[in-house]
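Input: structures, listed below.
You will see two complexes here that share chain A, one where it goes with chain B and one where it goes with chain C.
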Partner chain A sequence: MSGPRRAAPGGRARVLLGLLLALLMLLPFVVNPYLLSVLTLILYLAYVGQAWNVMMGFAGQLSLGHSLYVGLGAYVSAALFVHYGVPPALGFLAAILVALVFGAAIGFLAFRFGVSGVYFALLTIAFAEFTRIGFDHFDWVGGSGGFFLKVAQRDYNDLVNLRGSPEMFYYLLLAMTAGCFLLCHRLMQSRIGFYWLAIREDQEAAQAVGIDVFRYKMLAVMLSAALASLAGVFTAFFNNNLFPFQIFGIEKSIEIILGPIIGGLGTLFGPILGAFVLTVLAEGLRGTMEALGVVLPGVKQVFYGICLLFVIMFLPHGIWPSLRRRLGLDSDGRR
Partner chain B sequence: MTSTSNKSARRLPGVTRRTFTGSAIAAAAVAGVAPFNIVRGQAAALKVGVILPKSGPQAFFGQSCQRGIDIAPALLAEMGYNVKLDVTSVDFETNVDLARSRAEKLVNDGAHVLIGPFDSGAAGAIAQVAEQKGVPFMINIAAAPQITEQGYKYVFRNFPTAPMLIGNGLSLMKEFFKATGATPKTAVFMHVNDTFGQASARGVEALFPRLEMPFKILETISYDPAARDLSVEVAKAKASGAEMVMLVSRLNDSILLVREMVKQRFEPMGIISPGSPGMYEEQFFTTLGKFSEYCVTNVPWYNPKSEIAQKVAGAFRKQFPNDRLIGHIFNVGFSFESMMIVADAYQRAKSTNGQALAEALRATKIDKRVMIGGAIQFNEKGQATTIASAALQNRNLEPKVVLPAEAQELKPVFPVPGWNNRG
Partner chain C sequence: MSLVVERLDLYYGDAQALSEVSLEVGARRIVAIVGANGAGKSSLIRTIAGIEKPRSGSIRFKGQDITGLESYRICDLGIGQVAEGRQVFPSMSVQENLEMGAMIPRARAKARATMSRVYELFPRLAERRGQAAGTLSGGEQQMLAIGRCLMGQPELIMFDEPSLGLAPALVQEVFRTIRLLHEAGHTVVLVEQNVAVSLKLADDAYVLENGRIVMSGRGEELLHDDRVRQAYLGL
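Let's turn to the complex of A and B:
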């Protein structure tokens, strides 16, 4: 009896995910350009939130400087494109490599010398900050004056050079988000995922049962960094301009972590749900205020604060775990 | 053709030859009066979408710009612009990703023209949307030169680029020395080492030899914007023996610096900024009192002698009686001018069509303006080229225009009196 009962929620989850993916694929045909830009924003936050979730949600390593990897990915791919004509379809490999090096450096410094908890979080902020300051003075990529990519109006979508319509960028991001989701799902079903959970729950106990804690924490940091750098590649070619204070700023790092925290830390669907809830509520709130003729700048930030308070007080594990129970999808407790 | 039409008409239920003929006449009548739709279109309101950072780190500046937008419709009507402006303002929260989304929303809601955004990154993002949708975009404030170097057809900027700002500021220094008859031979260059300060320092470094400045920089001293104590930096500057301090600052550090100079009795011929905030701001005067006097800043500024500027000042005081104009005039001036340029283009284009508006904007020539400079005009890239800087000297606890001569409120004083001989 227990076998079929356990399989049913998984099957239902797959059906729901399939429906969601189909819906997301069809949406660009029916929504207007504004809604498409909002959907792109949701997918971006979902993707980058998922990347952060690997490190914090799965392996329990709090990073408050994840904008570092996004920024590095953005600058490396953009610089290769502008200075050497390397298309982002190849440039993303270099972006990943550089993010891996930085991730490895942070991980090595922290884990080899026993820096953990809030001190590890401070280390991640420090790296993001000094990289920002470094890029402020890095004239090769425009320094503080900004780095601009040449914008070309084309009649066709060029996926190799990431030049094309907003629809192309939407589908690219959808593919990235779906890919990241599947990768995380596979990882969580694998030995690596179980090791990460063990480390997250009790590092000493994990070490005591023979898990190479240093190795698996390094793996989480580096994988998370690599995934985040891809979001940077997207940002660079979508916005076509980069400023160190905007891309490496602490605000960006906070923006990255809000989705997974609200949605459900350490869950697969939490970052996606969190990004959706936060963006839709913020846009809805703004639209309602506009319709009522109320002009109150900053109301969204206040609203974010209230949301966080609400989640911390009433849904400490985020929205998704409780929603998952209501939907009857609670098969293994980690989806 | 006729038989086919008749067959089609016969096939449709409820469509007789009479109703078909009636419909055809009605269609012809509609087609006949179609040209009048153009006339009606001219009377329609121009939907202006304004995108500003009204929350987040740049909230003050965004809200300050908004004041310039708010006073525009009534004042433009009073000035004789016979156009209806329907303004919708949105906040992009100092977030580039949102700037793009907000622009999409405004265009989707029917905006005929976009104005904003007090930020180069956001301007870059909005410009792409504007270009894609064929909606003219008038940049009020954003200095990155690359924005108008992209070959855009719908992007216009009524603000100097960063190199233009520094170039104007340095050139004005030469005029300032000429006007006062006193030229320092040496200077110490002190600058804050944040994003803005570094960019300015690079600009100074690049332009200084090219502009053949009459003084030599003996030493360059950079300092942290969050510094609590600048005693070492000021001591170094004093020890350099420089006759003048050239300063690129923010507000807090400029206050600290002057205090320290007073304390260390460092009395150069003057403190001159080639273009940075700080020394002309309200807090500088209230905190330093008489020691704020005679500091000089070269920035784009409103022309207090211009008739339009006086009208803008009057409208501002009436609509925002609790705000001091001097703290907002930079943002208000450029934002109001953006509205004026757009209204002027619409009046000439007589259409809300994006291409017609863009062509009218390209042909802009407005002689009477708020800010100091020549007639408002755009080059082939959409960049305004005639915006000048003013030399502001702090006098009687207010920044006063001392140069150029056509906007002069007071005569420049240089070398400045010693710290104890002020006020």
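Let's turn to the complex of A and C:
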């Protein structure tokens, strides 16, 4: 016997997913550039949210410093490109490698020495902050003055060097998000997914049944770090500029975790739904305020806070679990 | 001998939890470890299980030194534990909880057969196999915890306060189950605050006080020992 197995998502869920994917593939043909940028932002938050969800949602390890891996991925791939002409199609491997090393270091320190819960979360913040300060003084990549990629207008899309139109970036991100979704789906149904669930629900009990808790927690952190670093590669080549205070900032880490928390922690679809809801509401708010001519700095953060409060008070498991029940997709229990 | 513990010292930071604890558990015997709250009973179990790492001393299981081994290795050598407080995985179903118990290499091949055996032993679990473990009653959760432990094919089972928080009728059932498992060939280490019952059940017993073994002997002997009767039975 190869261990417990969850039923694969029912036919209905498959059809809905297929429709969603088709819709997302067609949208660039009909939307204007502004809406395309909003869609890209949604996908970006969905992707990094899913990456973070592997660690917290699946394995129950709270990281409040996930901007660390995004930033490392961004800087490593950008620096290789700018200084040595290494295309991101290769550079992403280095980005993953560096993120893995950092993830492994944090995981090893924490899990070997029994750092858990709030202290573990603090450790992740500390690593992100130290790295930010380090990069502020890292002149090879521009220090606090920022690091810039040459913006070359091309009339063709170059996936190897990640130079091209917003549509190309959108489709790349869509592929990444779909790939991440599939990977997470597979993981949740695998033995590993059950080990993570056991660790999340009761680490002592997981130990008592003979799960190598250290190993599977390390796996969660490293996988989550590697996935997040790819979001960094995307960001670097999409925005063409990197500032340590922006990319490593705690605000970024918070932004990463809001989607999955609001959408539904530990669920597959939660991060995507959360990213969608948050971004659409935030953009709507921004548009309304612009139209009214109101300027309030920091209103987005306040708004995020209100969303979070609302969800924690009324939908503590996130939007997706209750929506799923209403859609009759709940064949699969908690997932 | 199944399990031999020699001069075990365990510290939490600077606080000493176990001090030169030595004990022997014969194969197919029931050995009770009794003592007051905070005497170090759970610490001892957790150290044998590999969850806590002793500062000094040794633990041997069937002649093999297992001191300081990781808990998942100790599990796979055939030492199972039913931890204090009925630690089941609440959102997993009864069946999934049992399956989790058979993830270690030694148990995988026999999982199906063992599960039938567990359902025979606890028919109530069979009735509730699809139900989330968190929704079971306290007694059912304790049965599930025992069943899950059995799924790992343990030779030696350590019970940490299995009667804690259960109604008297259920306590009887838990002890009856322990006796059954013993008769089926398992070696049992039983940690209990319920001194009278566990001494009656045990072949051998140890009394733990402030992290030290202060008394040992046959279960019956200790049951009639004046010091035990005064300190633990209130007689």
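Going forward, the second predicted complex is superposed on the first by the 312 of 335 C-alpha atoms of A that agree within 3 Å, B and C clash if a C-alpha of one lies under 4 Å from a C-alpha of the other, contacts with A are read in each partner's own complex, and residues count from 1 in each chain.
By our rule, a residue touches a chain if its C-beta (ideal position, glycine included) is under 8 Å from a C-beta of that chain, and two chains touch if they have at least 3 such contacts.
These numbers come from a predicted model, not from an experiment.
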Practice task
Answer with first, second, both or neither: which of chain B and chain C does A:207 touch in the superposed model?
Solution key: second
Exercise for the section: Please indicate which partner A:34 is in contact with in the superposed arrangement: first for chain B, second for chain C, both, or neither. Expected result: first
Problem - chain C versus chain B, contacts on chain A by residue - result: B
Problem - Partner chain(s) touched by A:197 [first = chain B, second = chain C, both, neither] - result: second
Practice task
Figure out whether A:145 sits in contact with chain B (first) or chain C (second), or with both, or with neither.
Solution key: first
Handout entry: Contacts of A:243 with chain B and chain C, given as first, second, both or neither
Key = first
Fill in the blank from the handout: Listed in rising order, chain C residues that touch chain A in their complex are 49, 51, 70-72, 75-76, 80-83, 87-93, 95-96, 99-104, 108-109, 111-112, 132, 148-149, 151-152
Fill in the blank from the handout: Residue set of chain A touching chain C in the complex reads 1-4, 191, 194-195, 197-198, 201-202, 204-205, 207-214, 333-334
Problem - Residues of chain A that touch chain B when the two form their complex - result: 32-34, 36-38, 41, 44, 136-137, 139, 143-146, 148, 150-151, 153, 166, 235, 239-246, 251, 255, 290, 295, 297-301
Handout entry: In the complex, chain B residues that touch chain A
Key = 54-57, 59, 62-63, 89-91, 93, 95-98, 100-101, 104-105, 107-109, 120-121, 124-125, 127-128, 131-133, 144, 146-147, 149-152, 162, 194-196, 198-199, 202
